[in-house]
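So that you can tell them apart, the chains are marked A, B, C, D, E, F, G and H in the order they are listed, and the count of residues begins at 1 in each.
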Amino acid sequence: MAELDPFAGLAAVLGAAAVHVDPHRQARKGVPEVVYAAGKSPGLTLAAVQALLERQPSGRVLVSRASAEVIDVLRAELEPAGATVLVAPYGGTVLATRQDASPPRETGGVVAMLTAGASDAPAADEAAWVAREMGCRIVRADDVGVAGLHRLEAPLRMLRENGADVVIVVAGMDGALPSVVSGVVDVPVIGLPTSVGYGLGGGGVAALLSMLQTCAPGLVVVNIDNGVGAGATAALIANRVAAARKA
Amino acid sequence: MAELDPFAGLAAVLGAAAVHVDPHRQARKGVPEVVYAAGKSPGLTLAAVQALLERQPSGRVLVSRASAEVIDVLRAELEPAGATVLVAPYGGTVLATRQDASPPRETGGVVAMLTAGASDAPAADEAAWVAREMGCRIVRADDVGVAGLHRLEAPLRMLRENGADVVIVVAGMDGALPSVVSGVVDVPVIGLPTSVGYGLGGGGVAALLSMLQTCAPGLVVVNIDNGVGAGATAALIANRVAAARKA
Amino acid sequence: MAELDPFAGLAAVLGAAAVHVDPHRQARKGVPEVVYAAGKSPGLTLAAVQALLERQPSGRVLVSRASAEVIDVLRAELEPAGATVLVAPYGGTVLATRQDASPPRETGGVVAMLTAGASDAPAADEAAWVAREMGCRIVRADDVGVAGLHRLEAPLRMLRENGADVVIVVAGMDGALPSVVSGVVDVPVIGLPTSVGYGLGGGGVAALLSMLQTCAPGLVVVNIDNGVGAGATAALIANRVAAARKA
Amino acid sequence: MAELDPFAGLAAVLGAAAVHVDPHRQARKGVPEVVYAAGKSPGLTLAAVQALLERQPSGRVLVSRASAEVIDVLRAELEPAGATVLVAPYGGTVLATRQDASPPRETGGVVAMLTAGASDAPAADEAAWVAREMGCRIVRADDVGVAGLHRLEAPLRMLRENGADVVIVVAGMDGALPSVVSGVVDVPVIGLPTSVGYGLGGGGVAALLSMLQTCAPGLVVVNIDNGVGAGATAALIANRVAAARKA
Amino acid sequence: MAELDPFAGLAAVLGAAAVHVDPHRQARKGVPEVVYAAGKSPGLTLAAVQALLERQPSGRVLVSRASAEVIDVLRAELEPAGATVLVAPYGGTVLATRQDASPPRETGGVVAMLTAGASDAPAADEAAWVAREMGCRIVRADDVGVAGLHRLEAPLRMLRENGADVVIVVAGMDGALPSVVSGVVDVPVIGLPTSVGYGLGGGGVAALLSMLQTCAPGLVVVNIDNGVGAGATAALIANRVAAARKA
Amino acid sequence: MAELDPFAGLAAVLGAAAVHVDPHRQARKGVPEVVYAAGKSPGLTLAAVQALLERQPSGRVLVSRASAEVIDVLRAELEPAGATVLVAPYGGTVLATRQDASPPRETGGVVAMLTAGASDAPAADEAAWVAREMGCRIVRADDVGVAGLHRLEAPLRMLRENGADVVIVVAGMDGALPSVVSGVVDVPVIGLPTSVGYGLGGGGVAALLSMLQTCAPGLVVVNIDNGVGAGATAALIANRVAAARKA
Amino acid sequence: MAELDPFAGLAAVLGAAAVHVDPHRQARKGVPEVVYAAGKSPGLTLAAVQALLERQPSGRVLVSRASAEVIDVLRAELEPAGATVLVAPYGGTVLATRQDASPPRETGGVVAMLTAGASDAPAADEAAWVAREMGCRIVRADDVGVAGLHRLEAPLRMLRENGADVVIVVAGMDGALPSVVSGVVDVPVIGLPTSVGYGLGGGGVAALLSMLQTCAPGLVVVNIDNGVGAGATAALIANRVAAARKA
Amino acid sequence: MAELDPFAGLAAVLGAAAVHVDPHRQARKGVPEVVYAAGKSPGLTLAAVQALLERQPSGRVLVSRASAEVIDVLRAELEPAGATVLVAPYGGTVLATRQDASPPRETGGVVAMLTAGASDAPAADEAAWVAREMGCRIVRADDVGVAGLHRLEAPLRMLRENGADVVIVVAGMDGALPSVVSGVVDVPVIGLPTSVGYGLGGGGVAALLSMLQTCAPGLVVVNIDNGVGAGATAALIANRVAAARKA
C-alpha cells in the first residue's frame, strides 16, 4: 500500500493491478482464476490474461463475458506470441493457452448438464468450460424444455448411464426445469438461471426465484448467468467424489 | 350523491352502502357478486350478505376470505332467520343460501382443477365454489406436485376423460406445475398462484412470476390467491363452450 | 446427449440445436411453434425458421420479436428459395411461408381485440397473427383509450355484433382499459399489458399490476408484451367454442 | 436544544415534545396541524391533542389513524373536561373540539369526492374531514366502481351541477377510476389510492402506480391512504378559487 | 372496428391510426392533445402532428420527448409547408404551429416553477410549455437547490410577489425541495420528480418516493419526468382561479 | 380425481390429503419427506405426521417450522401412542419416531456447519437435523461472526481436521461469512441465508443477495431460512462422496 | 467446534452460546458489544446480558430493541442481584449496570443530534445511549422538521456553539432534513432514517433512499432505525477528534 | 426569477444557469463544488467548468463522470487557454486547473482507502481525488479481495502505520470487505459500494444492502459509485481530526 499520487499515469496503475493476479488460487482452492471481462477495458483484460498466462503453472487462462472487441484484442495480441485463443460457440467464454500448456488433468469427476432452451447455451458453455478446466468429464443435453415432458426422458436416462456425480440444470423464463429434474434424480442439482425472458420477472429473475422456491429438496442455485459459479461448484463436488473413488 | 355531513353516524352510511350492492350483475355479466370480506368489519360483511340474499333472484350469496369471526357472525345472524351457511373445508369461502334458494342451474361446462400441494387448497376451494355457482361441473385432483412427475399421469388422463373445457392449475412456491401441465394439454390453462412459500419470492411472488414467464403458450394467470377470478373466468369459458354444445 | 467437447466449433452446435425444433407441437397442443428471435443471433433464428419451414406440415412459420437485421437476413435467405416473408406493420412479428403453404384452416372461432393506444399495436399484432395462424377470425378496434369513455361504445357494440368468443384488451401505462371492458362484457377477457410508459410503474409494470388487481372477475392476464401467449390462449378458447358450435 | 441526559425520565421528554406543537400553522399555511396517531403511544397522542386544543385559536383538533385504544383514551380524558370527541364512521379519523369551538368558517370552496368501493371509505373520510375543517363544502358519491360504467353517470352529473372546484377520486385495487374520471371532467383531479387489494401490487401499490401512469393529463396523486394530503391540497385549490370568486 | 387483415400493409394502418387523433379534447377537457413521441417512429409522430395541425382550431401542436431524429423529420417536413417548429432549449419538447396560428389566449392564471438543479430543466420545460399553451403566465427560478437554503429566499419572495396560483417544484436525486417549499407557501404545490441520480433510488425513484412521503400536506405529485401532467394540472388549477377572478 | 362435491366436509378432504403422503421418496430420491408445518393447521400437520409415521419404513418423521401449538398437539397425540417427539433447542424443527424406529444408518459422509450469530441457530438446526436423518456426521461451530476474523481460525482448522465433505455456512444480516469461508476452503460451500436483520435488505434479503453476488466461486445458495434444502443437498453431496470412499 | 448431537437439550446450547460473548471488543475496537434483543427469546437475551455484565470490565451492558417482556425479565432477574436496569423514554434501549460500575469515561467528543419528528425519538435514543457509553457529550434538538424551515435556525446555532464534532440527523417519511442540514454545516453528517411513514416508500425506505441520493456531499447513512450504528460511528469520529485535541 | 419566455433560445438559458454556480461553497462548507457531468451535455459541462475556474479562488475544478466526449471538449477548449486538464487513470474523474492555481493546502488529515477488486478503481479514484482536493493525504491498497483473507493483512498493517483517521472501503458484488475491515479497525469506516456485478443484486445493489446490514458497528455508507460523497465525508472527518491535532 503506497501513498497514492492521484496524478500518476495509467501505466503505473496497470502495473500495480497486475501484481494482484492470484496464480496460486488453483492450487489452494482447486478453482482456477477466471478473468471477468465485463467490467474491464480490453487493455485491462489483456494485461490480466497475459499476467496469468505467464505465471500460472498450467499455462491456461479462462476469460468470461468477453465482448467481440475483447476477443479481437486477445487474438491480435496473444496469437502472434504463440498462444492459442479458443472462443465458445456463442462467444463470451474464451480460453487462452500458452504454447507449452498441457490439457487439464482428468479427475474422473462427471458433471451432467441439461439446458432448457437454445438461448441458455452461453451460460451453459461458461459452466462447462470451467468444469472442463477443473478436469471433469461433461455430459450435456440441450433444449430439453419443460413444455413437453416427453423430451426429458432420454436425457435423464443418459445422465444415469454416465454416472453423473452432479447435475447443472440451466434455464431461463419460468425456471421450472431444475425443480422437475431435482424431483427425479438422486444426485445434487445446481440450478443455473439465465437472463432469458422479458416483462415482469424477466432477465432471469423469475427463473432464479422459482428455483429458490423449489419444492424439491436437493436443489441449490447460483446467480443469473453465473456459469463460472455453477461450473466451479459442480466440479468441486464431482472431483471430491472422484478422488474418493480413486482412493 | 348527497352533500356529505362528515358528522353523520354509522347507520346512515351503512344504509347508503347497502344501496350499492349490484344484484343484477349475474344477469348482465354471468358472474355472481361475491362479497369480499377481508377489508370489511363483520357487521359490514353481514349487511352486504343480507342485502344480496334478499334481492338476488337466486337466493345464493358467496363470501370470500371470511375470517372465523365473520363466519360466526354470519351463522349467528342468518341461520335463525332460516338461511343456510356453508363453509369450505379450510374456511375462507362461505355460501349463504335463502330458504327458497334452488341449486345453480347446470350449464354442462366442465372445469378441471389440479393443485400442487395441500396448502393450495383454500385458493382452489374459492375457485371451485365460484365456478360451481356459475353452473359448472368441477373435476379436481389435489397434491399433484411437480417434484415427482409420476404423480401427474393419472390426473392428466382423468382430465381428458372428463372432457374438461378448461383447466385451473393451482400452485405456490416454485409455480412450476401450470407450465408443465400447459405443455401437454390442448385446452386453455389458468394458473392460480397461491401465497405458499417464504423467503425471496415467497408469498406466491415466485409462483406468479414463473407462470407469467411460462414457456408454454396457452397459459394465462390471475393474481396470487385470486380464486374468485380464476373460477369466474374458467366458468365463463366453460359455459360458452357448453352453450355452443347445446345449440 | 453426447459428451461435450467444449472445443467443438459453431457448426456442430447449430446442427444439434436444429434437431430440437418441435414440428409436431401444433398437432399435439393446437398451438404452432413460434420462433422467438429476441435472444438469438440472426443466423440461429434463420436456422430455426428453415428447419420448421421444412418439417412443419403447414409450411408456415411465425417469428416474434424479429429485429430489422433479422428480417433482412430472413428475406435475403428465404425469398430466393421461393418462400414468402411477411412482416407486421410495426415490425417484430414475421410470417414465413413455404411456396406450397396453404392458409390456416378457418375454425369459426372469433377473437376480438381492443387496443388502448397507438403504441400498443406491435403487441396486438403479435397476438393477432398467432390467433390467425390458429384459424380464428380477428375483429379489432385500435386506440380506444380510457381517457374519453365515449370512444368505447362503438367497439363494444361491434364486439357483440361479431359474436366474439373472447376479447383481448391491449393496454400499457395505467392498464385501466381491460378492467373497464371486463366489467361490461359477458365473455372471457385476456389482458395484454404492453411496455408503454416511463417512470415508476413504467415499461408495462403498472399496467400488468393493475390488471392483476382488477375489480372485474372474468379478466386473466399474460406477461407484458406477450402477444404470443395472449393470442394462443384466446385462440384455444375460441376454437373450443367453435368446435362445439360445429358439433 | 439542551444537552441530553440520557437517563432523564419520560415526563421531561413529553413536556419538551409538547413544546414543538405548531398551533400557528393554520394561519401561516392554511392547513391545520393534524395529529398523526399511528406512530405514537395513546399517551403521547393525548398530550399532543391537549396541547393543540389549548393553544389553537379554533379550538378544533383533527387526529388521523387513531386506533380504538387511542379513541378510548381521548374520550376518557377529554370529554370529562368538556371537550367533544367525534369519530368517523369507520374509525381512524377523530375530531376533538373545545367547548367554545366554533365550526370552521365556510369558504365557498367545493370539493367533490368519488370512491370506487366500500373499503375506500376510511381514507375518503380522512380527506373529507380535513377539507371540511378547512371550510370547504364536500359533495361525495360512494361505491362508484369501474366494473360497470353505468354507475358513473349520475355522480359525474352531480359533480358538475354542484360546481366542484376539484375532485378527489379514491380507489384501491386496480386504481382505474381516477383515470376514467380525469378523462371526462375539466377540473383538476387528485387520485387517492387506498391500501385495498392483495397479491402482487396489493396494499394499494398497483392503484398508486396505475394513477402515476395515467393516460389522462390533469391527474395528480398522493401516497396510499394519505387522506390528509389529498384533503388538504384539494381544499387549498378550492379555497383559492373561492377567494377569487368572492373578490 | 373492421375485421383485421393481418396482412394489410403499413399505409392502411397509419391512415386508420390518424383517424383516432382527438382534436376536440382541448374544448372538452381544457388540455390540448400532446403527441408523445417516445414510443413512436418518426414517421408515425409526423403523421400525428400533421393530422392535429390540420384539424385543431388553434393550429398549434405540442410534441413531448422528441429525439433529435424526430425533430429533424418534423423540421424537414413541416417547415417547407409553412409551419413553424420551435424546440425547447434542451430538446425533447417541440411546438409546431400552422402559418395562421395565433398565440394561446391568456387566461390570467399564474403558474410558478422552481427547479432544484440544472439537470431538471428538460422536465421543467415540458411542464412550462404545456401550461403556456393553456394560457398561463409562467414565473420560474432555476437551480434553487436544497443544499444551501439561502438560495431559496429570493425565489419564494418572487413567487409571492407574482401572485402564483400554484407552484410546480421540479427535483431529482433526494427530491427534498418540494417538501421544503410546501412547508412555507400557502398555495397548492405539485412535485415533479426527475430522472436525475444514480445508484439505489436513482432515476428519480427516491425523489418520487420522498415526495409521496412528504411531511408537508399540500403537496401532490406526478410521475417521474411527467412534465405534461404537472403542467396540465397546474394550468387547470390556475385557470379555474383566474376564471373566478374575472367573473 | 373425483368430481368435487364442494359441500363435502372436512374429514373427507383430510382423508384424501393423507393419501398423497409420499413414503417412498426416501428410497427413490435419498431425501426423506419433511412435513412443512407453517402453512398447515395443527390438525392437518398431525394427520400428515401420523400417516408418514405409519408407512415410512424408517419409522422416523421430520417436521419443520412447527409452532409451539403444533408441538403441543404432536406431543399430546403421539406420545401416548408410544412415539417419541424430539424438539430442536430453539423450536421449529421436530423429530417424531415410532417405538420401533432405528437411528439413521450412518453413511460416513461429513457435513460441516458454521453459523455467523446466535440468531442463525434455528435455520442451522433445521439443516443439521435433515442431514443427520440422511446418515451424515455433523461438525458445527456457532457464532463465528465476520466482525472479528480471529474467531474464524479455529473453526476452519477443525473443519479440515474432520475431513468435511461439504460446508454449510449460515448467516443473516450482511451475509458476508459464506464468501469469506468459500475463499479459503477447497470443498463445496452451501450458503444458508437467515431472516436476521431489519431495514432495507432485512429479513435475509441482503444476506441472500450478497451470497448470490459472491466473489468466491464454489459457493451455491438456498433460499432464506431453507434449512431443509441446505441440509438435504449437503447430505446428498457428502453421501455420494462417502459411497465412493466405501466402494 | 464439537460434533453436534442434534438431540442435545437447550441448556448445553445456551452454555455454548454464552461462550461467544466478546467482552474485549470495546478495548480492541472502541465500541461496546450491544445485545440485540429483537431476534432472541427473553431467556437468551438475559443470558447474554448476564455474561457480559460479569466479564465486561466496565460493568455496563447496553441492550437494543428490547420488548416490554424482555425488559420485565431483565428487571426481575438483574435488580434483585444488585444491578440497575435503565430504560429509554420510549422503551427499546436498555442499560444494565453492575453495582460496581462506574460511568463511562468522558472523552470530550461532542455528538450533536437533530430529529425531524416526535416518532423518530426511539431510534435517536438508541444512538444517543451508545454514543454516551462511548464517552461522548450529546447535544440534541427534537422535532425540528423540514416543513417549516424557521424551526431549523435555533438548532443549527446551538450545534455550532457547542462545538459539535459530528451531527446525527434522524428522520423518517421524506428524509429531507439530513440533506438540508448537511448543506449548511461544515462537520460530517450521519443520516439515520427511521421506519416512520406508510404507503409506497414507507417504513423508512423513502427516507433512506432520499439520504442516499443527497445533493449535499458530506452526508453518510446507516440502515433504517440503526441507532447503534449511527451512534457508534459518530462516537468513533468525535472521540478521534477529541483525542487529537487532548494530545 | 424572471417570467419565462418559453421561446427564448439556448444562449440565454445557459447564461442564467452559469449564474447559479456556487464558488463560495468550499469556504462555507469545506467541500469544493464538483461538476457532475453525467446528466449534462458537453457544452453545459464546459460552461460550468469555465465559470467555476474563473471565480473559484483556488483555480481548481473537479468534474465527475465525464465521458470521453466531455473530456475531449474540455481539453480542446481549456488547454489552449492555458488551463491544465488531468484525467484519472480509468477516466470519469477530471481535474481542471487555472494557470495560476496552487496545489491544495495540506491539512494533515489521513484518508486510507482499500478496494476489493480491479473494477472498483474508478469509484475509488473519484473519492481519492475529492479528498486530495480537500488537502488530505491518501494511502491506498487495491485489489484486496475478501476471497482470500491472507491478502488483507498487509493493508491493515499499513493503514495503522500511516495513522489513518478514517478508512474508505470500496467494494462491489458481495460487498463483504467493508464489514470485514470494520470489524478489526478502530477508526470510522465509510463503505463505498460500486456498480460491479450482474444478476439479482447486481449493479451494486447487493453490495450496498450488505453494507447497510453490516454486523460491524462503525460502518456508514454512501450510495453506489458515489465517490464524491465518500471522499468528501472522509476528508471532513480527517480534516477535523487534523485541525485538532494542530491546535
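The criterion applied here is as follows: a contact is a pair of C-beta atoms (placed from the backbone, for glycine too) under 8 Å apart; a residue touches a chain by one contact, two chains touch by 3 or more.
What you are looking at is a predicted structure, and each value in this text was computed from that prediction instead of being measured.
Between chain D and chain H, the least number of touching-chain steps is 2. Across the assembly, the mean Cα position most removed from that of chain D is the one of A. When chain centres are defined as mean Cα coordinates, E lies farthest from chain F.
Rounded to whole angstrom units, the spacing between the C-alpha centres of chain A and chain D is 57. Averaging Cα coordinates per chain places chain A and chain E 49 Å apart.
Chain C and chain F, compared by their mean Cα positions, are separated by 44 Å. In terms of their C-alpha centroids, the spacing between chain D and chain G amounts to 35 Å.
For chain D, residues touching at least two other chains, in rising order: 148, 183-184, 199-202, 205, 208, 212-214, 223, 226.
Pairwise, the chains that touch each other are A-B, A-C, A-F, A-H, B-C, B-D, B-F, C-D, C-E, D-E, D-G, E-G, E-H, F-G, F-H, G-H.
Per the touch definition, chain C reaches chain D in the complex via residues 116-117, 145-149, 152, 173-176, 179-180, 182-184, 197, 199-202, 205-207, 209-216.
By the touch rule above, chain F contacts chain B in their complex via residues 1-4, 6-10, 13, 16-17, 20, 22, 25, 36, 38-41, 44, 48, 195, 204-205, 208, 223-226. Those residues of chain H that touch chain A in the shared complex are 86, 88-90, 113, 118-119, 121, 125, 128-129, 132, 137-143, 145, 148, 151, 154-155, 158-159, 162, 196, 198-202. Listed in rising order, the residues of chain G touching chain H in the complex are 28-31, 34, 130, 165-166, 183-188, 190, 208, 212-214, 217-223, 226, 228-230, 232-233, 236-237, 240-242, 244-245, 247.
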